[in-house]
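The following blocks contain the structures, represented as structure tokens.
In the two complexes that follow, subunit A is the common piece, with subunit B as its partner first and subunit C second.
Right after this comes the complex of A and B.
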């Protein structure tokens, strides 16, 4: 049975002239698991919001949306509220009450259920999700993953028939994201609820999905099952940027030739597929970069740090050397203290033992001003906190004044930064009203005005799509070519593998295993890129998707 | 020593049944009655017994650590009051000593001593209150009567820790650029503070729109709102407890009105001998203040005999 049918829908926002959605038509079968992906700004969120009447933005809509055969606007509010559930992107934005149990009861209270009924449903939900441990906690004590799980639970407790999720894992770390996806899959298998999901991280989701749709500029340009969607996209454009969003196994498959069979979508299937190739050439010759002279621009010597006398040590005797002009990536689990490490490197926190050397001089000998003017700049996890004025242009002008540029010099510098980042169109907007990828660009722009020699980035790839990631990559490589030293703290192993000159693993207060990405990832069994996991039997040193594709082409098929 | 006996008691008691597991309304009635009695009764015997029993209650509730922190300051304060009062006030008629031309009277000494006892008792009650009837439970009681106000208070309570954390993030990031609320001239600090609050406001308002949407998406405002009662109120069980407390309270109040339980200090100290009625009232007040102990004791006995 068709649970959702969208026929020729166009949508324009209230104060805009450009169409956000263009002739969108698709159907969703009951019990299916549909995944929607596309670049940011392509209209994914708008489309999802149109399916949930309470969240539909103001604007003009043509075309028809049918829910279970009836027009969406004809159905009564109560049914819609309980039958269609919506999980948003940011965990904190959805939570209303201050304790877990009350949050679960909120939706049911609104529906007017009796006390006994509410009690029964809460008991049921808590048991199913295994929330018994943190059921009595306050919201402020929960982690991001737990909050998002709570959001899911408080929607599910109303027993929806359709579950719509808008990038639910983008703000979570990889472990919490994987757990969330597993929970979603288990839910789908156990209850047959229809799931409509928008995601950037397709690696985990493809194996569970039944339908995939690619949306671009407000129209759905490709639709199909997970195993053939790559083909469909390739037919549109051989080198479509969104092909990079597909899971690694699928990318390798399509990168190798124009296969017309079904593609592998999991790592294991990828391994089986790679097994078809010969094993003769294990490593392609690469121009070996001369070992740089050991003249570190930033160094930590045996630093220890904690937030207070009664708190545990976060950084335990870390010694680190970062060379000038290199991109250094610090990887590691969530909550390990990587942000604290970055703050120590930036001089924002002071270690109680050991010291940090900047340009061979101890960090504490620099004044705050000397540090942030033309020296070090730190991009925080939440770039919104950087902006204090009401338009981006004003903020840039204030920053330029802070640095000490006169009016002429200031406008020149601002022009330069604008050109480098392609943000001319955003300059008169409010910093909080731009999308995730754009926010990051304008934040980096603001930091570039300070003309830093060292740029520190805290989780720059959180929640941004493949296209923005590529742009970020190109930008960072451009900056490195200009001589800037870049230190990145990230979970994103694929990004680190592509861009880093040197990687380190942060664990239990120490930085271990500092090495070039090739050796770093090749030596790890579990904490490594998907491409490495797929190819390690045959080509142990292949770290990125491109490496694997090249090696396979060089080796040729194994005609067994 | 207190730690081990507290642990021993803990092992006998299951924390969420017993006193802590009672319906918040019952707990509130206990605390209110106790507070009123402490403030009205002014005979030192009563107050000393109250204090003693409340200390035991606090040990049982495991809040004696917090108590110790407060005790130091209260004893200091109390001692100060006693000294000041005794040396400065010259009303009263019974003279104890004469020091350097000043007559030290008994009345002010006694009065300040009783005041200190009263303060201590209220403090002990307050620490126990803080421990058992926390903000949520308290709000829950009032949500039955003032539903909308309670709801908005709960919403506010959700946002307070969130906004605090956000403000912390903002000031952390801005400190690097020299904008701080702890360094600089008063004018600079005020300006920085205002800028931070502005960003916090914009950020929180835009996110709050999403929260409002999420509330609407879960049906807020589409119909009658029922109320989820996480605490059970069984008339047989809770009713008896309320009845007992209220009747004991009544007896104590009647005794007060009849003139017992209060000590006349000014103009002249007059300690009448204890009568039978006094003894009865003393007994009642002991029972009321020891209520939490009785409830817990009963639970402990039950478990002991079940084995």
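Right after this comes the complex of A and C.
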């Protein structure tokens, strides 16, 4: 039975003239697990919001949406609220109450259930999700993953028939994200609830999905099962950017030729598929850029840091050397203190033991002005905090004035940055109203106005789509070519493998295993990229998708 | 939130308890009652904190007490018994006693406030508010989450802005202006979050019909007993208010300790000591249980 039927829906926002959704039609069967993907700004969120009547934004809609064969508008509000559940993107933005148990009860209270009924349902939900340990906790004590799990649970407690999720893992670290997806899968298997999910990271979710839809510029351009969606997209455009979003195994499969069979989607299937290739050539000849061992531009010597006398040490005797013109990636789990390490390098925090050297001079001896004008710039985890003015242009102008440019010079510099980042069309928008990828770009733009020699980035790939990620990668490489030194803190291993000259693993207050990405990942068995996991039996040094594809082509199929 | 000892009583009972204590404490300056609530307040505080902490608090409040005791006679000159003149103002014995009494009142009140905040936590306030006015309780919760969020945003923005040269100016006016700007942006960012929370409330059926109010608190038999006891004492206190009330001027009221009055003081002492007794009982009980195991 079809649970949702969308027919020819167009949607235009109240304040805009452009159509956000254009002739969208699809059906979703009861009990299916549908995944929607597409670039930011393609209308995914808008589409989801149309399916949840309470969240439908202001605007003009035509076309029809049927829920269980009835028009969505005709269904009684109370039924709709509990039967269609919606989980939003940011964990914090949807929690209303201040304790876990009360958040769970919130929806049921709205439905007017009695105390005894609510108590029973909460008990059931808490046991199912194993939340017993943190049932009494305050929201502020929870981790991001726990918060998102709570959001899921407080929707599920209302027993929805359909669960709609809008990029629920975009703000989580990879481990928490994988766990969340597995929970979702278990739920789907256990209860048969229909799931409609929008997601950027398809690696974990493809194997669970039954239906994939690609949305572009407000229209659904491809729809199919996970194993054939790649073919459909390839038929539209051989080099469609969204092909990059597919799981690694699928990308390798399509990278090797135009196969028409069903594609592998998990790592294990990918390994099986690669097994058909010979492994005589283990490594491709590459012009490896010789690392010049210069005096490091930025160095840390036995640094110790904690936030207060009674707090634990977060950085424990770290020594680091960063060469001029390299991209240095610091990887590590959540809460390991990577951000703190970056703050030490940026001079925002001061070590209580040891010192940081910038251009061979102790960081302490620099004044604020010397440090942040034409020297070091830090992109914080939340780039919104960089902007104080009401348009991006205004903000850039204020920054240019602060740095001491006169009017002519300022407009010249802004022009240069604008051209380099292709952000001309965004300049008159409010900095808080642009999408995640765009925000990342305008934030880097602002930092570039300060003409830094060293650029520090804190989790730059958090919550952005493949397209924005590719652009970021190109931008950083371009900056490196201009001689800039870039330090990135991230838990995105694939990104680090693609871009880094040098990787370090941050664990328990120390930076371990500093190495070039190839050996860094090749030596790890578990903490490594998906491509490396797939290929490691045959080509242990292949760490990116491209490496694997090139090696397979070079070796050729095994005829046996 | 771990409930034990006196905190195991229903929030309503706890609330009435502290209400009664504050009413009794603040409505008379009766030296016996002041003594009773001073001793019981400090005792309860010491049971909930380390010895060191209690001592340092007591030390601090000793100064407060001295200050008040000395300050009141300086500005207040009523009373029959003039001891001496200071700058042509009479210093009276009565106003000195009044000073001491007010000093004790302030210290006792401070200790009871500290005890209050340990037992009546924000979620209990929320519960109490919710039983009276559920709508108000939700907005109060949103506010409770809004303020720390605002603070966090402010901190983040400030530390980021430092790195882009925002404070690199010596003009005080510009610094002040920048400070205000940061507050504004921090506030707006938090408002964005609140809007999204309101969406989430709507999505879960807020406002569709009359809400019920869920709580994890249960009303047990001992809550009932305690509540009745509190009401009885409240009535006793009101009936005997005239005898309990005390004045220092023009001359001290005579303290008559009749049999009935001693009994009444005893009963009021039992109110002051109730939480401390329960906490001690709890301590002893667990010690005993442990030794049996």
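In this section, the second predicted complex is superposed on the first by the 560 of 560 C-alpha atoms of A that agree within 3 Å, B and C clash if a C-alpha of one lies under 4 Å from a C-alpha of the other, contacts with A are read in each partner's own complex, and residues count from 1 in each chain.
In this section, contacts are C-beta pairs under 8 Å (C-beta built on N, C-alpha and C of every residue); 3 or more make two chains touch, one makes a residue touch a chain.
All of these numbers come straight from a predicted model, not from anything done at the bench.
Because the two structures share subunit A, they can be overlaid on it, and in that overlay subunit B clashes with subunit C.
Using the contact criterion defined above for the overlaid structures, shared-chain residue A:446 touches subunit C, although it does not reach subunit B.
When both complexes are overlaid on chain A, the residue A:113 reaches subunit B and subunit C alike.
Once chain A of one complex is fitted onto chain A of the other, the partner contacts of A:86 extend to both subunit B and subunit C.
Within the superposed three-chain model, A:238 lies out of touch with both subunit B and subunit C [touch as defined at top].
In the superposition on chain A, A:102 makes contact with both subunit B and subunit C. Of the two partner chains, both subunit B and subunit C are touched by A:94.
When the two complexes are superposed on chain A, the residues of subunit A that touch both subunit B and subunit C are 52, 54-55, 77-78, 81-82, 86, 88, 90, 92-99, 101-102, 105-115, 118-119, 138-140, 154-155, 158, 346, 348, 368-369, 372, 378, 380, 382, 384-388, 402, 432. The touching residues of subunit C, counted against subunit A in their complex, run 1-2, 122-123, 126, 138, 141-142, 144-145, 148-149, 153, 156-157, 159-168, 181-182, 185, 188-189, 192-193, 196-197, 199-216. On subunit A, the positions that touch subunit B within their shared complex are 52, 54-55, 77-78, 81-82, 85-86, 88, 90, 92-99, 101-102, 105-115, 118-119, 122, 138-140, 154-155, 158, 346-348, 368-369, 371-372, 378, 380, 382, 384-388, 402, 430, 432-433.
Those residues of subunit B lying in contact with subunit A across their complex are 136, 154-155, 157-158, 161-162, 165-166, 169-170, 172-179, 195, 198-199, 202-203, 206-207, 210-211, 213-230.
Looking at the complex, you find that subunit A touches subunit C at residues 52, 54-55, 77-78, 81-82, 86, 88, 90, 92-99, 101-102, 105-115, 118-119, 136, 138-140, 154-155, 158, 346, 348, 368-369, 372-373, 376-378, 380, 382, 384-388, 399, 402-403, 432, 446-447, 450.
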